[in-house]
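Below: one structure in structure tokens.
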Amino acid sequence: MHGYTADKDAFLKRLRRIEGQVRGLQRMVENDEYCIDVLTQISAATKALQAVSLGLLDEHLKHCVAQAVAEGGDVAEEKLAEATAAITRLVRS
Amino acid sequence: MHGYTADKDAFLKRLRRIEGQVRGLQRMVENDEYCIDVLTQISAATKALQAVSLGLLDEHLKHCVAQAVAEGGDVAEEKLAEATAAITRLVRS
Amino acid sequence: MHGYTADKDAFLKRLRRIEGQVRGLQRMVENDEYCIDVLTQISAATKALQAVSLGLLDEHLKHCVAQAVAEGGDVAEEKLAEATAAITRLVRS
Amino acid sequence: MHGYTADKDAFLKRLRRIEGQVRGLQRMVENDEYCIDVLTQISAATKALQAVSLGLLDEHLKHCVAQAVAEGGDVAEEKLAEATAAITRLVRS
């Protein structure tokens, strides 16, 4: 049971669509499509993955982190540090 | 015949690996794995897609753009403007 | 009194260093230094600004958001939504 | 004499405006302004720096790289590899 559990089906749907985008990229390369067109489609897939990350992070803050903070103590600090580390990875990827 | 044609198999292999990563993400969500672990794996997939983009762009500059520039004229200008637009999308995605 | 108040001097010091980097960029352009060298220094300034953002966000989560969450209610929800919006802007900039 | 020489004044003007933005950030921190507002202004400065990078890179491709490619040989290859490395740094910063 995690932050995203309530929206699990929506997240799975988005990830399946991204899988389809990545398969589409393979077809484009197989068919020797124009580099710039492939790049445009990769940007679309990257943005879609990033949007999933932001959605998961939002749920994580609202549920897991908020709950830990409400309980307080070491777990709260740990969760907050962990969230910051995840945000840092997200910003730098 | 495009910039990436010579490395087509290598690019396809990388895209198939990324497809596997996106399927792995679906399994993680299905199994209710911890949000932060899902986020870490999304960052890995995003970075892999970005690396494919940078690889394609490198080939595009070395082949399509370099050839257009060597020929000169309007096509050269067009290809350079198109490359800059693709780089801008890449930086902002 | 905000999340970063305790580290205010450290944040100011980092921002003054970034101001110096931006003035250094102006000198490089005035002296017609090589484009690639200017780009390298802009990347350094951009990363430094990003690090300040991540630092401020960390303090914001640990203080402002954590306090609102501990109090609960609408303010908590508002603060969480606001933090997510800021993270989204940060990831996309 | 570099790619950006013709637009030198415009680039300097943009960098001076960014310097002003960074000084504005210092005032915001000194006045204990709200974290989220500071973050919003940092995003604006980061985007402005990124736009300068993209502008310089565009000029670099159109002038330095295009000229090297027109001349051909090792210098052309070197300039292309150098441009790709700069784009990579830009994408990852």
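Going in written order, the chains are labelled A, B, C and D, and every chain counts its residues from 1.
We take it that a contact is a pair of C-beta atoms (placed from the backbone, for glycine too) under 8 Å apart; a residue touches a chain by one contact, two chains touch by 3 or more.
By chain, UniProt protein names: A, B, C, D = Metal-sensitive transcriptional regulator.
Source: prediction; values computed, not measured.
Asker: For subunit C, which other chain has the most distant CA centre?
Answerer: B
Asker: Distance from the CA centroid of subunit A to that of subunit C, rounded to the nearest Å?
Answerer: Inter-chain centre distance comes to 22 Å.
Asker: Suppose each chain is reduced to the average of its Cα coordinates; what separation in Å results between subunit B and subunit C?
Answerer: 28
Asker: As a quick test, compute the distance in whole Å between the mean CA positions of subunit B and subunit D.
Answerer: 22
Asker: On subunit C, where are the residues touching two or more other chains?
Answerer: Those would be 50, 53, 57, 83, 90, 92.
Asker: Have a look at which chains touch which and call the overall pattern line, ring, star, complete or other.
Answerer: ring
Asker: Show me the residue ranges of subunit B that touch subunit D in the complex, using the header's touch definition.
Answerer: Contacts found on subunit B: 50, 53-54, 57-58, 61-62, 65-66, 69-70, 72, 76-77, 80, 83-84, 87-88, 90-92.
Asker: For the complex, give me every residue of subunit C touching subunit D.
Answerer: Per the touch definition, subunit C meets subunit D at residues 1-5, 8, 11-12, 15-16, 18-19, 22-23, 25-26, 29-30, 32-36, 38-40, 42-43, 45-47, 49-50, 52-53, 56-57, 59-60, 64, 82-83, 86, 89-90, 93.
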